[in-house]
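Same chain, two partners: chain A is paired with chain B first, then with chain C.
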Partner chain A sequence: MEKILDCLGEACPIPLVKAQKALEEMATGDILIVGIDHSCAMKNLPDWAREAGHNVEIDEIGEGEWDVVIEKS
Partner chain B sequence: MEKSKKGIDLDSLLKKEWSYTTGAVLIALLATVLVLVVGKSWGVTGVFPFWGGVILEKIGVNADSWSIFNGKLSKFVFFKKFANITNVGIIIGAFIASLLAASFKIKMIKSFRQVVAAVIGGTLMGIGATLAMGCNIGGLFSGISALSLHGWVYLVFIFLGAIVGSSILKKWFM
Partner chain C sequence: MSETTQTKIKRTGRRREAVKPEERKKKQLIQRIIGVIAVILVIFMAIFAQGINQKGAFIVLIGVGFGYVLQRSRFCLTAAIRDPFLTGGTELTKALIILLAVSSFLYMGINMAKFGLGLETLNLKLAAGYIKPVGLHTAIGAFLFGIGAVIAGGCASGTLMRIGEGFTQQWIAIIFFVTGTIIGKFLMPIVKKSSVLYTGKAIFLPSLFGGWLGAVIVHFGLLFALYIAADKWSRRKQK
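Moving on, here comes the complex of A and B:
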């Protein structure tokens, strides 16, 4: 399953907490894509997800806009 | 961004978040240079009441007679206040950094809640910083770096405030 979480326009730490909540309800192997445009979420979201053991990839989709792709493991 | 031929990793330098340690060391160095050159510790919010006062005077309120200003408002010149120079510098610096990282973006307001939270939060922060005679820069950072006890007291209470603030945020925005 793939889930998209639109966090554009949301400031820290909202994208992180929303992503944590969304991942809780997902199964192993599911993909969560979090759209962010707040650069500090570029640090705390991938940092947390990697520490929690998930696979993380960051796509820069535009100026100041990123998709953080998290695969739950 | 690609690595330049000279081996400087521009991507790490300009685009990726620096580590907290790098940031802390740089801020400490710059703040020390500021004290040495200007003779005053770094502050941000101390000038904000003056901004508000000037606006109030413009719309006909005699704010200068208030005890917080006591006649200082009429002598207020924007760029004679050192904190105003550093504040403008922060905005210009952040702008340049976001351009260098190619990540400048004008963000949209997402919900009416954000507006309400920003107005209430901003007002509370302004009142708090003015009553405490400093924000987390002038009160906390400059206080602790000057080996003053008030910085540590500030740290304890800003931490408590952050706990309350984040639980409100969680309830309201999630």
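Moving on, here comes the complex of A and C:
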């Protein structure tokens, strides 16, 4: 299953909290794509997801706009 | 991060359309031109500030330097306090503790040079650093600031930095940031009149612990203990 979470325009802790909640409901192997444009969330979301053991990749869509792709594991 | 990264995780859904390479090149060119203009403006601003204040140019350049480091390092004071509770990550918390240790060490050196090793000649009004009264007003203010910082998505420095990055939500935050500062300016004299809220007594650790040595042991000992605690916290939380 693939889920897209639009967090464009959301400031720092919100994308992370939303991603944490979304991941809780997902099964192993599911993919969550979080769209963000806040540079601080760009650091703490991938950092947290990697430390939690998920597979994380970052896709730069444009200047200052990213898709954080998290595969739950 | 100027290149578009190719992701390896297989995605089934439609990908968000990335900005076309030609368009990005155009944007990057505009960014470079704006960058050059900004540097020239900063130089003029430094010259202008020097005319007003003897340390003007120095202050402008230090400020720009701070902004640059803040943006590049993604250092966030709000995250340093918030993340241990939110994610269990304490990397920024540890950085903040080191920052406090280094800066207080420097201030200690400046004040030692000013007043000597004894405390007989100490004059808190002339001492370097912000030696201000602590009390209930500090706790209330910190609590309010914390709520504001989390809602606004950053503290003062982080907000200013992201205004420059073009994060529009924080352009709204700056309006209220300035409004709050003005309210605070008028509220402070009222707070100062209350003996419960404001004791008016500044606490300077060397005076409190009978000299520099006591203060050094207590101050750096506390910071060290906090550092160890932060380190242990991140390990416990991530298990």
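In the analysis below, the second predicted complex is superposed on the first by the 73 of 73 C-alpha atoms of A that agree within 3 Å, B and C clash if a C-alpha of one lies under 4 Å from a C-alpha of the other, contacts with A are read in each partner's own complex, and residues count from 1 in each chain.
Just so we're on the same page, a contact is a pair of C-beta atoms (placed from the backbone, for glycine too) under 8 Å apart; a residue touches a chain by one contact, two chains touch by 3 or more.
Computed from a predicted model, the values in this text were never measured in an experiment.
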Exercise for the section: Sticking to the clash and touch definitions up top, decide whether chain B and chain C on chain A clash or fit. Expected result: clash
Problem - Partner chain(s) touched by A:Asp59 [first = chain B, second = chain C, both, neither] - result: second
Practice task
Name the contact category of A:Val69: first (chain B only), second (chain C only), both, or neither.
Solution key: second
Practice task
For A:Leu16, select first, second, both or neither according to whether it touches chain B, chain C, the two together, or no partner.
Solution key: second
Exercise for the section: Quick one: classify A:Ile4 as touching chain B (first), chain C (second), both or neither. Expected result: second
Exercise for the section: Have a look at where A:Ser39 lands relative to chain B and chain C in the superposition and call it first, second, both or neither. Expected result: both
Exercise for the section: For A:Glu51, decide between first (touching chain B), second (touching chain C), both and neither. Expected result: second
Practice task
Residue by residue on chain A, keep only those touching chain B in one complex and chain C in the other, then list them.
Solution key: 9-10, 13-14, 17, 37-40, 42-43, 62-65
Fill in the blank from the handout: Note: in the complex, chain B contacts chain A through residues 17, 98, 101-105, 107-110, 114, 166, 169-170, 173-174
Completion exercise
Listed in rising order, the residues of chain C that touch chain A in the complex are 1, 3-5, 7-13, 15-19, 24, 27-28, 31, 71, 74, 76, 78-79, 82-83, 86-89, 91, 150, 152-154, 158, 162, 165-170, 238
Fill in the blank from the handout: Per the touch rule, the chain A residues reaching chain B in their complex are 8-10, 13-14, 17-18, 21, 37-40, 42-43, 62-65
Handout entry: Complex contact set, residues of chain A against chain C
Key = 2, 4, 9-14, 16-17, 31, 33, 35, 37-40, 42-44, 47-48, 51-52, 55, 57-65, 67, 69, 71
